Structure formats: structure tokens, C-alpha cells
Amino acid sequence: MKKFLNSTDDFLKESLQGFGAAHQDIITCHYDPNFIIRSEATKKGKVAIISGGGSGHEPMHGGFVGYGMLDAACPGFVFSSPSPDQMIAASEKVEGGAGVLFIVKNYSGDIMNFQMASEMMTGASETVLTNDDVAVEDSSFTTGRRGVAATIVVEKIVGSLAESGGSLKECKSLGDKVNRNSGSMGVALSSCIVPAAGKPTFELGPDEMEFGVGIHGEPGRRRDKVQPAQEITNKLLEAIIEDLKLEKNDEILLFVNGMGGTPLTELYLLYDNAKKTLDNKNIKITRSLVGNYCTSLEMQGASITLTKLDQELKKHWDSPVHTAAMRWGL
Amino acid sequence: MSNDFLIKNAKEIQVVIDNNAPEIEKLDQEIGDGDHIFNVQRGIKLVIELEPIIKHLSMSKALNQIAMKILSGIGGSSGALFGTLFMTMAKVSNIDNGVDYKKAINMFADGVEAVKQRGKADVGEKTMMDVLIPVANCLKQGVEKKKDLKDLMREAIEEAEKGMISTKDLLATKGRASFLGERSKGHIDPGARTSQLMIRTVCMSILNT
Amino acid sequence: MKKFLNSTDDFLKESLQGFGAAHQDIITCHYDPNFIIRSEATKKGKVAIISGGGSGHEPMHGGFVGYGMLDAACPGFVFSSPSPDQMIAASEKVEGGAGVLFIVKNYSGDIMNFQMASEMMTGASETVLTNDDVAVEDSSFTTGRRGVAATIVVEKIVGSLAESGGSLKECKSLGDKVNRNSGSMGVALSSCIVPAAGKPTFELGPDEMEFGVGIHGEPGRRRDKVQPAQEITNKLLEAIIEDLKLEKNDEILLFVNGMGGTPLTELYLLYDNAKKTLDNKNIKITRSLVGNYCTSLEMQGASITLTKLDQELKKHWDSPVHTAAMRWGL
Amino acid sequence: MSNDFLIKNAKEIQVVIDNNAPEIEKLDQEIGDGDHIFNVQRGIKLVIELEPIIKHLSMSKALNQIAMKILSGIGGSSGALFGTLFMTMAKVSNIDNGVDYKKAINMFADGVEAVKQRGKADVGEKTMMDVLIPVANCLKQGVEKKKDLKDLMREAIEEAEKGMISTKDLLATKGRASFLGERSKGHIDPGARTSQLMIRTVCMSILNT
């Protein structure tokens, strides 16, 4: 395993310390239990937005703590959901009197740990569960679909509503709406290496890709031969468009997300290919995001997320945000 | 059951889990995200480190300390699930004045029931519940039928093994493996495997006393 | 080779198109010859700042075109310097009556092509040559040192001066100063793959790293066994500190730059390790930058850049910037 | 020398370069950044595509078109250097009324001198100048000494080969390889190799007419 680290035990701690020091104008890191909060206290009466999940997806979620987005993030160990004490401690620090909204990706571990936190803490809380990964079949008999990159879209938009005075109920309901309006799907060209494991989570042949991959190196829908970018893009888009039932003249956010090890040039190439296909279908790209936002350690790969937009969502997408990893309008 | 018993078993479980670590790691890589073995190893280590603290505590306080340590120290599904197991056992009434094996079995069964509520998974969904629920049932029935303790331990070991093996051909409908759909078949569930190993270790240690 | 592309011939074009479409609020891409300019015309009387170089280092330089930084960027083929016609065409578009400042990394190819451009164009121009890579020995008998990540620091600071009305001469002289005040050094844990080549530029053993690597997969100072992050960091810092003759109480910008394939967690860990060492030496980190800014395709690796700061440099570092890859204060 | 001669030689050079592509690619990967072969191949292709345009142009205009195409189509060091070579040759006076071999040699020597100015590298710095300068000198002297053209071509081929081989043990002080310091030794310079192959091809084609 080739990584910049000193020992796998200290990996997370040192990385958090670096993050905390490099962005002390925006955030403050707390340790044992680990959580990241804004360096400025929550405004009285503002709903506190808290997210969290396993580490290894950086900049998600710590990179999105700051004005206009999250109030706190709780990083678990690499690919392991955080534990209730982290959410409880973070809540105590950032609660502003209007309750706490948890944004949780739909994984058993995350759900159970966030649920236990809400049960054990005193104040009011609600939870938005994201499950945008259309690679997985949805069903009420199963865990359902994974929450992946659209979580960031939810965090941005709900963060804006909270900033502008939305109530806990309104934030929860807008979050659910953004999640419903979003679909994602990813593809991996290489595996990732969990530091504690020291070796790749899965093996891909030199001409293979994992289609519909998750963000933890979990196997996807199927293993395919590597295909031209335009074909990959079309397959990802087809699945998402069908799921969201997108139609001519619908407005969307096109979000091309890197898994961590794929250079920007390739992500922009995917954006170009996606734009060609969406233009052909007369689906209007009115907002864009391209970059490594919801990653899987050093995995080479990318995902596409589409979010169907309306006036409300566009307004909250455009509003100012000031975090380590996303900053505009300020 | 005593606090010493808890720590002694935690130490034995550590040896067994370490010996089977490569296999368990592989299981969660195949149908999960590969962290299960590290989660479990970290949790056991933390529990064993509690020894000096819980040595002189009452059983309920000791179990609660263990539960909190597991809950906060592991994370992931297994942290919540194993944490719930111990938290529930700690809450069973009247355990600070001595726990005989009937009581211990009831505590375990209550714990498993709480885990089932927490994870909303039943037998047949390819999770640790395929080990925990059958074992809890077998133990409870054994107590009702007043079976010999050692026979019961041997039965529980078998039941755990059967449950663990059964997960291999199941289609996962809960937990991370469920995302794989049909591709989840053909692999043993990692949580079922660690649960089975832990149960076997505890039962063996009772058999050997 | 596993990359998201359709054909190696179209790679650059499609990627530029995607970049242009995703950031049309900030920049406009031109093709044949390729160059990227701000979507808003240069203010009359403002010095136009133009940079360029081979592609494969994204977001450098196109990602730094926008208010407060570059007026134009000229991307060459992957790892090949752009050609004079690109610089000439870009200059014609962005010249604002106060001359053009070229920011050029010190490579024979870049120097010759930019030189030919200045000779062939009509207006006034000056050039700032960056050569911050302390891995290479400096000498007036040789090409000297490579220009690497500090180029971005030069672009940010000179961009700010130009925005605030600095003359061509002033911009040139501030750029030279930033370059003089900066030192960088990098290390690679894996190679990169030039799309046209389709295979790694070099081979590294599973326990090897290339110490002092350049940003084109060129061999570095030496091949070493992989070492703990703290040791790597210390060696990089030592070389830079010695070169810059940094002393107790000096103020610096600490810039941890990813080569493209290394996840953010590891870059922040390097930041943490560097901070520990600098704290010990009483060198004051008063500005920070962490991320993938000057990359080598999908290479895993990182570089550290230190820039010695004074009031003037801090002022221009902090001033507003609004580009695709760097945005603050606006 | 005619425009046909230029295109015919470009086509022959294309074949030779393509045949030696893997070796050239490797050379620039070892002590450069690996793009030299692609730069050169792209340049040659673009020049050949100029055929219909330059067919009916004067020699100076044809050479200038080639120079501009190389300059804008290649990029990198080789674009600037080969572009300068042709740009300078195009500017030599009085070439539109026929170019004999003496004139051609003077044009080439002027071009090489301009390349030397552009890149500021002399013999011994491990660049294409280790081929270009000795060949230009040999040809100029040959003309002065009124040597037989075919003998001269054979000498030039040898001189190019010698220069190319000489780069192997040199320490690079110019170009990208100079960044390597001592590690640049033991590898032939890629630009020297392509220059030598091109010169050999042109000389051979003259020998064969």
C-alpha cells in the first residue's frame, strides 16, 4: 500500500488535524469524539444541519461545514459510520434552539447510529435520508438504495434554507424533495485501498470496469469491459433519466463527480459527453458542478448525478456558501 | 456470570477473531465495504482495555460501560448492533446480585430481540441475525426444557454454525450486501461469521469449566 | 490504459469543451488555436496576465482564469508546451492597452514558444519565469530548475496586482519576487499515463517512491523506498527551507499540492505533518492552501510549496479571486 | 530542391519515424516527459497534409507554410526548434528561382544556426544540436571543399549517427533531461535520435536519385 501516512491508527486523526489547521478561518475540529463545526457559533433560532458518515469520501462531509451549508460533520473511521456519541456531542455544540436536522446516507450502519443518537439526545431532531443511487434496485423489503453524491446537493440546498430561517420541518421536507429529485450512478476504473486493509478492496482486470459501483468499493451492478466515455455516460444517464422520469425541457443540475483518483480533464470530458446527450434530449442543464466531491479514497472513477430543478431549488443552490470545499457568492 | 467472565471471554474472542481475520476481512470485501474485521478488532481491544475499570463495578454498570465503549469505539453497523446487544443486557432487572446461567440466557435473548428491533432484520436476510436469532431461540427453549447446560452449549455452537453457513446461499435484503442483489449470493455474511465465532468461543469456555 | 475518453485525438478537445460549458459564467474557450479567456472583457488599462503550458496539470492553468487571476490560459497538448499562435491569439483577445505579462514555467519548450510569441506579436509584453523546484540544482550553465506549483502562487498574486492597477513593469517585478520567495519539491507514489502513450511513463516498484519528481512524470532526484509521511515531509521541507534560507519567525504560505491521484485526506495529513515541523522551527504558517492544483494527470503524489510572505504578498494573496478552481472574497 | 522533394521526403521520414516509434517514445520517457514521439508524428502528419496547398507555391512560401504548421501543430521544444529551422530556411534570399545542392546546404546551415540561437544549446549539451551542428558543419565544409555530393551525403549520415550516439554518455545541461543531472547519463537524447533519422532519410533519398 502506498499512501502518505505514518501509521494506519493515526491516519484519521492526523488528517483531521491538518484539515482543522488549514481551514481554521471556517471550521474547528474536535477530537474524541471527532466532529467538525463552524468556527462561528450557530445563530439563535437557526436549524442546525448535521451530516456525517464514514471517512474516505473527502471533502464530504467536513469540507461542507460552513456558512450556507452544514453546521457540523461527524466523520467515522474509514468507510464506517460515525457513532452516536459523535452526533450527540456535535448537536450539543451547534444546536441553536430550532432543532437539529441530520442528513444521513442510506446505509444500515449510518441509519442505526444516527437513530441511536436522536434517541439518546434531548433536543428535537429530524432526519433526511438520501438514497439517490439508481444502480441499486429500490424496495421496501430491503435496505433500498445507497445514498451517494446527491447528498451534497441536499446539504447545499437545505443548508441555504436553514440559513434563511427555514424551520426544522421545512428543512426536512425540502431535503426529502431534493433527494427525490436526484438520481446518481457511478463507475469505477480501479479499486480503492482502505488504509487498515493495506490492499485493494477488489481486483479489476486491466480492461474491466465496475459499473454501478458504490462509494466504498462495493461491487456494482455488473463488471463490464471498459467502454468509450460517451457510451459509459449514456448508460449512466439512461438509468438516471428513467428513474427521475425526466422529460423534454426539464431543468437539471448536472453534477459530474470524481471518485478521487481520476483527473479533472477526464471529469470535464464526461461533462462534455453528458451535455451532448442531454442537449439531444432537450433536457436543460441550468446548473453545473464538476469535481471530486464525494470520493472513495484513491479510486479512479466517476459518477453522474442529475437533480431536477425548480425555482426554489435554484434559488437555494445559488445562494452564498462558504466552506472548505465549496465556496461562492461570498 | 461475573465481570471476570466477561473479560476472560473477550480475551479469548480476541484470539479467535485474530486467527480468522484474513477470512473475515475477505468476506466483507466481497459483499460489503471491507471494514468489518477492523471494526470488530477495534471493539474487542477497547473492551479488554476496560478491565481495570470494570473489575470492581456491578454487573449492570460493567455491561453498560462495555456497551458504551462498543457503541462509541466501533461505528458502522456492528457498533450499533453489538452496542445494542450489551446495552439491553445491562438493563435487564436484578442482575447485580448474581447471574446464573438461566438469567444469562434471558439477558442474551433480550439483547438479541433489541438488536432485531434496531436493525429491522429477521432470519433469512443474510445478516448476523441468521446466527443470533436461532441461537437465542435454542437457548431459551433449552432453559424451558431444563436441558443440561453443557448439552445446551453444544447445541448453541451447532445452531450458530448452521446459521452462519445458511447465509452463504441467501439473497441479502438488509445491510450493505443487499445493494448487490443477486450478486450477494454465494458468500457468507461477515457479521454472521464473527457472531458465530464469538458464540462458539463463549460456549466452549463454559464447556471447559 | 483506463481513462474516460473516446479517442486520444479528441481527449483534449472534449475536455476543454466540458470545461468551457461547465464554467461559462467565468470563462470562454476558443479552439484552433486553443485558449481560454475570461467571459468578461479586460478592463481598459489593465495589464493582461496570460499563462499556459502543457495540458495534464489541471486545474492549472485554465482553472485560474477569471477575476483576480489570469486573463487567459493557453493549453498545449498533454505535457507539450503550447505553440506561439495560441499565445498570439489569446493576447489579441485580452490585451487591455497596458501590455501582456506572460507567466511561464521554466522548461525549454515553454520558454522557446512563449519567446517566439512575444517576438511575433505587436504589443508590449514581459515574462515572469517560474523555477521553484528545488529538487533540481540551479545553474546558469543549464536550463536550471523546473517551474512547478509556485506558478499558481505567482498567478494569484500578480493577478491581484494587475486587477488593482499595477503596471506591466510592476507586475513583472512582483511576479519575479514571488518566484524568488518560493520553493517547491514533490514526491510520486505512482506514475502517470499520457493518453497518447497509453502506458505509464515510468515504473515504480510496490515499495518505491520517486523523490523530487517533476510534474510530467520525469524522474526526480532519486528513487527511494516508501517512507512514513512525516519523514517524507521533513525531507521536502528541509530542502525548501535551506533553499529559501527561512529563519525563525519568518511568515510563510504552506501549500500542499496533490498530483492528481492522491486523496484529500492524505494531503491534509501531509499538511499536519508539515505544520508540526514548521511549528518546531518557529516558522509561522500564516496562509494555507491544500488541494489538487498543479497535477500530473492521475499520478499519486504530492508536493509542498513554501512562499515567504510579507505585507504586500499577503494583501494580494487575500484579495478576491473568482476562477473555476480558486474562489474567495467574492 | 523542389516542393515535391519536400513532400516526398516528409513521407519517407514518416515511415522511418513510425518504424522507430517505440524506441523514440522510450527515450523521452527515460529522460524527458514521453511526448517527443507524439509531437514529431503529429508534426509530420500535418506537413504531409499540406501537400495540396504547397504544391503550387514558391519554395519560400512553401517552407514558410511548413514552418508555421510545425510551429503551431507540434508545441513543445521540438515544435519551436523544428519550426525555427524551417522558418529560417524560408527566409534565405533568392530561393524561389531554383535551389541547387549548395544553396540547400547553406539554407540548412542557416537554419541550424537559428535553432542554436533559439535553444541556446551548443554541441555537448545532450540535445538535437549534437546531431544538427556537426552535420551542418560537415556539409558546409564539404561544399567549400567541393566534395562529391554523394560522398558528402554518406559523410553526413555518419556524422549524424556519431552525434546521436555521442549523446548517450553526455550529461544533459539543456532541455528537460538537464533536470535529471547525473541520472541523464546513459540514455540517447530523443531529439538527437529523431534528427539523426530524418537526416539519414533525406541523405539516403538523395543518394538514391
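So that you can tell them apart, the chains are marked A, B, C and D in the order they are listed, and the count of residues begins at 1 in each.
Basically, a contact is a pair of C-beta atoms (placed from the backbone, for glycine too) under 8 Å apart; a residue touches a chain by one contact, two chains touch by 3 or more.
Since we're looking at a predicted model, the values are computed, not measured.
Shared contact partners of chain B and chain D are absent. Work out the mean CA point of chain A and of chain D, and you get 54 Å between them.
Chain centres here are Cα means. That of chain A falls 29 Å from that of chain C. Note on chain placement: the centre of chain A and the centre of chain B lie 32 Å apart, centres being C-alpha means.
Residue positions of chain C in touch with at least two other chains are not found. Looking at chain D, one finds that none of its residues touch two or more other chains. If the chains shown are joined wherever they touch, the resulting network is a simple chain of contacts running from one end to the other without closing.
Across the interface of their complex, chain C is touched by residues 2-7, 11-12, 14-19, 21-23, 55-56, 58-59, 63, 189-190, 206-207, 209, 226, 228-230, 232, 256, 260-273, 275, 285, 288-290, 292, 295, 297-298, 300, 302, 327-328, 330 of chain A.
Here chain A touches chain B in the complex through residues 33, 54, 76-86, 107-109, 112-113, 115-116, 133, 135-137, 141-143, 145-146, 194, 196-197, 201-202, 214, 216-219, going by the rule given at the top.
Residues of chain B that touch chain A in their complex: 25, 29-35, 38-39, 42, 68, 71-81, 83-84, 118-119, 172-176, 178-181, 183.
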